[in-house]
Each structure stands twice: as C-alpha cells, then as structure tokens.
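Next, two complexes with chain A in common: one pairs it with chain B, the other with chain C.
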Partner chain A sequence: MSSVWLPCGDYHENYLKDQGWWQSSFIKVKMILLLAVVFLGIPFLAPEYWIGVATMVGYTSMGALGVQLLIGYTGLVTLGHAAFIAVGAYTSTMMILQFPWPQFMVDLGLAYPVSILVAGIVAGLWSVLFGLPSAKVKGFYLILTTMAAQFITVDFILTQYVSQIGGRGQAFSLPPGTIKIGPFVMETEREIYFLMAVLLTLIVIGLANLLRSKPGRAWVAIRDNDIAAEALGINIVWYKLLAFFVAGFTAGIAGAFWVSNTAALSPEHFPFFLSLWLVGVILIGGVGSIHGAIFGSIFMVVIMELLQMAVIPLAAYYPKLLVDFAYIKDAAFGLAIAGFVIYEPNGLAYRWWQIKNYFNLWPFSY
Partner chain B sequence: MVQGGALKEGDTILELVDVHMHFGKVAALSGVSLEVKKGEIHSIIGPNGAGKTVMMNCINGLYRPQKGDILYKGQRINELKPYQRAELGLSRTFQKIELFGGMTVLDNIRLGRHIQLRSGIVSGSIYVGKTRKEELECRKFLEEEIIDLLEIEDIRDKTVHMLPYGLQKRVELGRALALQPELLLLDEPLAGLNLEEVEDMARFILDINEEERWRVTCILVEHDMGVVMDISNRVFVLNFGNPIMDGPPAEVQKNPEVVKAYLGEEDLYSTRR
Partner chain C sequence: MELFLMTVTTGLMVGGIYALVALGWVLIYKCSGVLNLAMGELTLIGAYVTLTFYQMGVPFILAVVGTLLVGILLGILCERIFLDKLIGEPILSVIMVTVGMSFFFKGVVQFIWGSDTRVFDPPVFALKPIEIGFLKVSSVYLWSFILSILLLLIFVAFFKFTRWGLSMQATADDETAALSLGVSARFVYAAAWAIAFMSAGVGGALLGNINGINISVGYLGLLVLPAVVLGGLNSVPGAIAGGIIIGLLQNLSGTYLDQYFPGGVKEIVPFAFMAVFLLFKPYGLWGWERIERV
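Take a look at the complex of A and B:
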C-alpha cells in the first residue's frame, strides 16, 4: 500500500515532517481522540462485560501483531504462534510462583513486570530456535516447521514436563495478589484492561518505529524479493531470525499478559487452533499492515461475542445450539475467512486506506 | 579491505582469474579471465546463453564458481556471501527487474542504503534520537544525490509495481546507487526500453561513471551495440562460456571472430544511430 495522499493544500516543508507520524492537525486530533477513547472512554464508560471483550481484543491484537510481522512483513508463514504465547505465559507464571524473589521486589510489585520482560525475551529466543529452519526452507515447508513448534512446545514440553513442576497438577493458578505492578494489584476488569492498553500501545509504537527504520525495511525487502535483498547487503538469515525474535517477543508479552487476565494457566489455553485463529485475524484485517492486525482482532472478537449473544436467546427454542456453540464459532471463523479472501483479499485495512484517501482527496478525487 | 586506501584511476579493481562454472554437464563459463580497471565502463557482450549473466552472478556472489579466483581490490572474495560483497562496495541491477514490489519508490531506494545505516532493533523501535537523525540524513542524501540525478521526484511515493517498465529500471539503478558502490554491475539496463528511455539511461550511466561525485566503475552487460560501442572503455566478448577477446570497442568491431559469433556480417551496431 502506498502512503496516504495528503489533503489538498497540505505541504511538507522538511523531511522531518514528511517522515513523521501525525502529519496534519486533523490526524493529530483524530489520534488524540482515539487515545482518549482507549484510555478513558472504554475503561470508565463501557459496561464491565465489554471491558472484558476489549481486553480480549487487545490480547488477540498482541498475538496477531507478531504473526503480522512474520507473515505480513517478512513473508515467513507461521502456524505455531500460540506456542510462543504459551512460552511467555509459562515463563511469567513460573517466575512468579517458583523464583525466590527478594522480599523488597515483591513488596514493590516488581516481580510481575520483570517477569513480563523476561517472558518476552525467553519466548523470543524460543521463537528463534524454531525460526532456524527458515534459513533453508520457504513457503509450505516453513509452515510445517513452525507447526512443529506448536506440537513440540505445547503438547510435549509444556504438557508433559513443565506442567508437572511443583506438583500442582495440570493447571497452575496464581494466588490473588501475586500479579501486582507497583502498588496496583491486577484484579478488576478495568485494571487488566489498562495493563493491556499500555502494553498494546507500546508494542504498536515499537513495531511501527521498527518498520520505518533499517530492520523493518530489510524485512519487507526479504518478503518481496530475497535475492535482490541479499545483493544489496542484507544478511537474510540474520534478519529472518531477528523477525522471529521480535515476533516471539511480542508473543511472550501477550502470554505474560494473559496470565493476569485469567490468574490460571493450562496448556489448553494455547491450542493449535489459536495459531490458526491469529493467522485468520490478519487475513481478515489485511496482510502487511499494523492496522490490519488490530482491525482483524476487533472484527473477530466482536463477531464472536455478537454470535454468542444471538445464540443465548435462540437457545430457548433450540437447546442444542448452546451445546454446539463451539462448532458454530469455528464455522463462523471459517466462513469469515473464506468471505474475506474472496471478496476483500486486502482486508479491512485496505478499506480503511480507501476511506482515508477518499476524504483526503475530496472534493476533487481525480 | 586488505590493500587499504583508495585505488587510483586505472588500478585494477576487479579481476577474474580462470573462472570455471558449470551446472551439471553444462559448462557456463570455461576459463574466463577478466580485468576491470577503476573508473572504466567495461562491457560484456555475447549471444544469448553466452554466460554473461552467470558471470555477473559469480562476481556478485549469487553463484560460486567451481574453479578460479575472483579478486576484488586484490582480495579474494570467492567465499564471501552476496551481502558481504555489497559491504565491500559492490552493487548491481538485474536483468529482469528485481525491485521490492510492495514498497514505495522512496523505500526501495532507502533500502539500497541498508549497509550505510546503523540502527538495530532496540534503537529502531525507540526511533527518537539516533534512528531519527540517521533516517533524516539518509533522506537528505537520497533526495539530493539520487532522486535529483535520476529525475524521479514525481514518483517517489508511488508503489513500485504500479510503475511503467522504464521507470522501474530507473528506480533499480537508483537503488543500486544508494549503496554508494565503487563497482556497479549493470545487467541489461537498456533491455525493453524505448529510444528516449535508452538515451536517458545511457546518460545516467555516463553521469555516474564520469561525475566527480560518483566515479563508479561499471560492468555493463548489454545487447544494444550502439550504446555499448559508444560508452564503453573496453568490451569483453563471450561466446558460450569461452572468452573471445577483450579490448577497446574499435578493435572488437574489427575482430572477425567476434563478428562471426555475435555481431553478424552486417553492420548491426550502427542501426541505433
């Protein structure tokens, strides 16, 4: 997608402005409004239930952004992203439960924030490990090696070994009060939502910045034409692994965040279907766009909520609907992807781009 | 760089010594030796399938010859990967356009500056400070030196795959130049262009070769004999993997073997005038 046209009469007078974000005052107002909605509107005005839904949107977005970086920007098709989210979640939980924290760290509420960072790094390195085959294989073959990440990590290592640590049985639960950031204990929907909003905002800013600097351009170059990229001085293997690291890092943070949302953890939270789901999210939102990952998450999570709302009243007449809801959800997911791939292959982000251009060029659209 | 210091005009910048390259039983290059002097435009001509592009790929590192040495500024670079050779100051364009289709023209050219930039994932994701300064300097260089030279101001924000062929060729040249190479491999830069575009492109090649600012040594693979004979300092003739001769254009035109192998009996190279 090329850049958005400037509205009539707007000019840039220096490169700083031309390369900056928020290029016109209209965009500035728009973005500040958006931030106000995210940080004030939703947490303080929306009903608690919808705050929870917004948290799910954020969690999905964090996962999808990593997938977007790999598939949409670097062209490395991955079907094992849930594994890296799981690694992040387990790293964070194990650190909180098992690590001998000095008392002052616990008192100051630093244990969880530190564990988020460590979870990101561990998941990133784990992701690099499974990214190593990308040095040699591409396309379908790479899909298989990333699927291996899913099965090896979640079904084998986490279920068979990590879950046994501490003898708590399959599922871990975090005692109330252990998930604490500074003085804030993550308990209500609103607090969890705030944590999500901050993390997601940081991830979006970081990724968007990366994509307009040297590493981001190298990734896109590898996606579009790896031979030319190498001839122009890009160390392809290094940048592919870097992409895996950054994607794994965001996944790890998403996983560590997930722990605060549920206060419990089991391998069933990270099924193969979650990996598929994240790929579906970016297909619907638009491949190769940060907007896309977020639009896709909003669309999928909200559609599923609406579906659920529709099913509950109908269940009075067809009780079987409630029993079969899981299948209805899967079917709707498949249908949505099929519909988008056929009718809007560029995803929701492309529609958004068209709308923006329409208004920027209005009234002279030629 | 082993030899240290800049080479003078007329020093050997690239040398191929008895290079052999074969794919299975097909011998693409058999015993090719070539010496390219700094500051020259050295053309490689030959019929289709002669091995010209294979030669480019060997110099560039996409292929590794089975036998023979490739010396860049006296340093043996056989084992270096393409990106390492790019870091030594070797850049190229491709016969079939190999641009990054989804990126804008500006981003394509910016990418050419990859090896000059220093941002990593940490400074890149923070952006403010080091990376921003670097990006602004990069932009200034590209606008003043490359976009201005190649006259592509009006298309800088367009996505590359939407552009006409001639402009894509020009963007590709710009991308190769952004690297600030010392040696530039041009693989058929004129193929598929109309007469006016050919004239523009030939002028660009002469500009980057002769202007004090650039002084880029060029290796040119081209079928357009009019242009080749006009702008080259030396011409190397290749026929099915075998070198025929290497010399100034005037000598090449007179060599009976070259005429038989490639130029043909008639005065084909003068058709463009």
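Take a look at the complex of A and C:
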C-alpha cells in the first residue's frame, strides 16, 4: 500500500530507480512545494493562533512517528510512548538547568541543541531497556510491559524523584533566554514553529531513509511474520531493539522540543492518555506509512481545535460546557478511534492513496 | 508480626475484589479473544451506578443487584455496538476499540457524575473494625471479601452447572466444535460481556466503599491487567490467584517498601513485578504456551 501505482506509460527500468527518492519530476515539484508551504507559507501567512496549532501538529507527529515505527512497521504494539517523550523532555531540561556548561557554549547557544541530541539518545536507551522483554514476549504481554514503562517512568521515577531535584516541587520552569539555538532565542510562536519544522523534516527524512534500507526491510519482515524472518537470517532481537531505540530517539527529540514550546515542565504533560492518544493518531491516520502519522496528527489536533472553537460560543448559553469540555473531548476521541477502527480500518492514508491512484490512472482506470 | 498479618489479611481481601474483576476480563478473552483495556472504566461505571441507586434510598444489597442488571444491559449493548464487527480482526484493532471505549466511558462518566470524589453516605459498612482473634479487620474489607467470594462462587457454579455456562465453556475451549454443536457464538460473546460488566461493576462498588469514588477507581481497574497476566491470560483459576497475588503484593509493598521509596510505590509495584515476571515466565503461571509455526 505504501507505494502508489505509476501513471500509464511510466515505468521503472531498474531497482535503483524503483527505490529512488525523487521518482519522477512531478513528485520532486510536489515535495518542494510542500516544503515551501511548511517553511514559508504557514509561518509567514498564517495567523499567530494557527501557527501555534501547527506547532502542536508537529509535536504530535514527532511522537506519532515513533509509534508508527514500532506499531506500523515492526508490529510491536506500544502503549507507553509518552514515557519516552517525558524522558527526553526531562533530560533536556536537566541538562540546561543543572549541567555546568562552559561559558562559550552558552554564549554560542549550543547548550540547547546539544541537549536535544543527548535527550534523544537517553530516551532511546531508556526505550531499549523496556523493549528488552520483546525478546521473549509478544502480543498482549508486550503491550503490558510497555504500559509498565509508562507507569514506572512517569508516575514513579519522574514524579517522585526527578521532580524533586532543585527543590522546587512538581514543575520545572526554564528562565527566558536559556532555550537558545545559535543566536536565536526561542520565544515567539514563529521561532518555535521553525524549530519544529526543522526537527520534523529531519526526522521524516531520517525515518524514510531508514525504512527503505536494510533495517527497514528487516522491520517489515518481522512485522509480517517474525518466525519466517528469523528463518531468513534476520536477527530479530537486534532489530526489535533497534526499532525501540529509533522510536525512543524520536520521542526524546519530541520531548526536548516540547520544552521549548512550553518553557515549563511537569509530569502531568505526559499522562497515560498521551500514549493512547498517539496510538489513536496513527490508527486514524493509517498504520504503516509515514504520511499516515502526519495525517492523523493534523486530523486529531485540528478537529480538537475546531471542537473547542465550537464550544466557546455555545458556552454563553450553557456555561457548564466549558468545564465539561475535557470530558467531551475524551468521549469524542474515544468514539473517533472506535469508529475509525470499525469502519475505516486503513485510516486516512488509504483514502489519500485512493485519490492519488485515481488521478495517476485517470482517465483509463482499468 | 502483627503488622505483617494485618497487611496480609488486608491484601487478601482487596485481592478478592481484584480476582472478581479479573474473572470478568479472562471470561471475555477466553470466549471471544478480545483483549479488553476498558476494564477500569467498567469498574468505574459500576461504582457510580451503585452509588446512584444507593443515594436514591435503595439498600446497598439491592443497589448491587440493580448494578448487576444494568451491567447485563450495558454489556450486551457494548458487545453489539462496538465489538460484534471486529471478530477475527488483528489484535491491535480490537485493543484500540476497547481503548476507544474506555475513553468514551471515561468522558461520559465524568460528564454525568463530575470529577469530585463521592462517598457512600451514610456509610454502608460500620466504621468500627471487627476483631477476629487478635486480628483487627475493618468491616469494609471483610464484607467486600465475603461478597466477592460469594459472587465468584456463583459465577463458577454458573459455568459448571447451567446450560448457558456450559455453552460458554465449550466456546472457550474450541469455538469451531462448539459452533458445530449448535452453540450460538453471538449469544456467548454477549453473555461474556454481560458477565464482565457485572463482575467489574460489583468490584467497582466494593472498591468505591473503601476509598470513595472518583476517576482513580478506574486506575484500580487497570491493576486487573497485571493480575490476569500473572495468572496466564486464559485461565480462570489463574485470574483468581493473580488477583489475590496482586492484592497481597500491593499491600506488602505499601507497608514495607514505602519507607525506602517514598511516594507511589504501591501503585507501581504490580506493574514492575509483572514486567520482570514476564521475562522469566512469558505465559504467566497457567497460560497456554502456544507453539508457533510459519
């Protein structure tokens, strides 16, 4: 499902071309246009409010891409991804606040970028730790160990111990000016949006390349039939752990980015709900494709924003609605997941695929 | 020593409630293969329904009976609306539908009953502890334990001696054979969900008596998952044993580990224990070991 049928008359002559990055000049133009919209169109034309929404979409996408890699490509169902985002966020914050940076690093604005990288690595290793049971267990038992990761990491270690460092109680806040990349201080919505766009683009490019190389093929083989994959000589434990590492790495980067978005941090930002939300996002977007994760994020975040906008005028007549909005949101999210799984199990990405095929094959769609 | 014995008794009694909820979970899994992550919300619904009946002036026991009836109704509705169409779908779809259900229920419950902690008022059970020999047990725990054991016995008797129970057992053992003998699979699925709602509802009502009812009762319902995994997913005695083990573990760790790891160690230990346990026994205590072939 991942690749689209080619238009009549177009065909690939060799494997290299089949796996190519730009398969046709049309795709090249399309992707450059997309990048132009992301990097120029949204930040400079959209209103401030919608730039903030786009930033949330990007944050959700970064998290969802890790889940997509685990669930959609490797077949390892995870319900604890928020834990790894949290680990990334806390690693980054602790490094900025507590690490004795040499003065020139702070002046050059290198502290935050370095902490993003370290956050990715630490979250990746933490994810591997909880991926270890995947060597022996699978299916529902594995789901429960990832749930254990969520509760142990966020509800216990982060809430009870890490939050106490510095003696400021539950929440950390980052003083203004500490989140700085090179000469740019992350302050306005637009700067944060640019950081998100760069990170998300890098993650998407990295993942897409990984998925069309040896590890990616190994992951898909494990997803489709792990015993057959092992018989073909794929070291499944190694590749499963690699999948956990890469997913944890992207989660860590998402977490480190989250710090710049809020400039404050508390364990409540990473509840079990977030883990389930991310799985819901990829189910709605479509399991097993990168653009599925992004479609899902756009759909969920924008729908929730619209729901909120619909509630505010109604609240004038029915004030209780504002208080109850969180519950309505929960219920709507639940119904959306159940509805998509039951009636549209292939997600939005499948519709996208159909639309593209329709135009590729038009007018002779036989 | 006295502290130890008290902890063990309390753990045992809370474990009885977990065992009851775990039984409902295993039943759904055995009969229809659905891995249900909405169990916590089923306990929540049960707790609030009982509370509503109780506040309308119905005696507690009758309120529990009322909860059972509402449970049957909701169970059948749920099965028909959400899960009927998913038979034979991949594990992730089924799990995510139950996750969707859990969000939906959580939202609806909070919308209707709010998020403040509610208590049974006037208290159902006497506050004075009951003394058995030298042991002091608070009467809430004792009565909850008795009630849950009673219900467990009723359910087990239902499976052993009634026609409906036997047809459910047959479906759990071998679905194709049961179908060919004229058992209606749809009936069995609906019955399994009804029983799960009933057991979770009563479990929720009892848990609500101990600490009051708020959204965290749903979290206690999640503790059922480690319990069923310890017992092995498809074993009813395993679920009961697992529930009691989790209850014991929780209380023992609350008493003895809390001084070394202050904070919420009580809530974490079941999950941590389960994660380590799975490394050594991947199929739980009495689960079926599947031999996989390509």
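Methods note: the second predicted complex is superposed on the first by the 360 of 366 C-alpha atoms of A that agree within 3 Å, B and C clash if a C-alpha of one lies under 4 Å from a C-alpha of the other, contacts with A are read in each partner's own complex, and residues count from 1 in each chain.
As a convention for this text, contacts are C-beta pairs under 8 Å (C-beta built on N, C-alpha and C of every residue); 3 or more make two chains touch, one makes a residue touch a chain.
All values derive from a computational prediction rather than experimental measurement.
Following the overlay on chain A, a side-by-side fit with no clash is recorded for the pair chain B and chain C.
Applying the stated contact rule after C-alpha superposition, one finds that A:197 touches neither chain B nor chain C. By the touch criterion defined above, A:64 reaches neither chain B nor chain C.
Residue contacts after overlaying the shared chain place A:334 against chain C, while chain B stays out of touching range. In the superposition on chain A, no contact is made by A:89 with either chain B or chain C.
Using the contact criterion defined above for the overlaid structures, shared-chain residue A:225 touches chain B and also reaches chain C. Chain A is touched at more residues by one of its partners, and among chain B and chain C that partner is C. Seen from the Cα centre of chain A, chain B and chain C lie 80° apart once the structures are superposed, a value rounded to the nearest 10.
In the superposition on chain A, A:288 makes contact with chain B only, while chain C stays out of contact range.
In the overlay built on the shared chain, the residue A:235 is in contact with chain B alone; chain C does not reach it. Once the two complexes are overlaid on the shared chain, A:342 sits against chain C while remaining clear of chain B. Between chain B and chain C, the shortest distance over C-alpha atoms in the superposed arrangement works out to 5 Å. The residues of chain A shared by its contacts with chain B and with chain C are 225, 227-228, 231. Every residue of chain B that touches chain A in the complex is listed here, in rising order: 60-62, 81-83, 86-87, 91-92, 94, 98-104, 107, 110-112, 114-115, 117-121, 123-127, 131-132, 134-136, 139-140, 143, 157-159, 162, 175-176, 179. Only residues 71, 77, 130, 132-133, 136-137, 139-141, 143-145, 147-149, 151-152, 155-156, 159-160, 225, 227-228, 231, 276, 279-280, 283, 287, 324, 326-339, 341-342, 345 of chain A touch chain C when the two sit together in their complex.
For chain C in complex with chain A, the touching residues are 35, 82, 85-86, 89, 91-93, 95-97, 99-108, 110-111, 225-226, 229, 233, 261-265, 267-268, 271-272, 274-275, 278-279, 282-283, 292-294. Residue ranges on chain A touching chain B, taken from their complex, read 1-3, 15-16, 18-19, 205-207, 209-210, 212-218, 220-221, 223-225, 227-236, 242, 245-246, 288.
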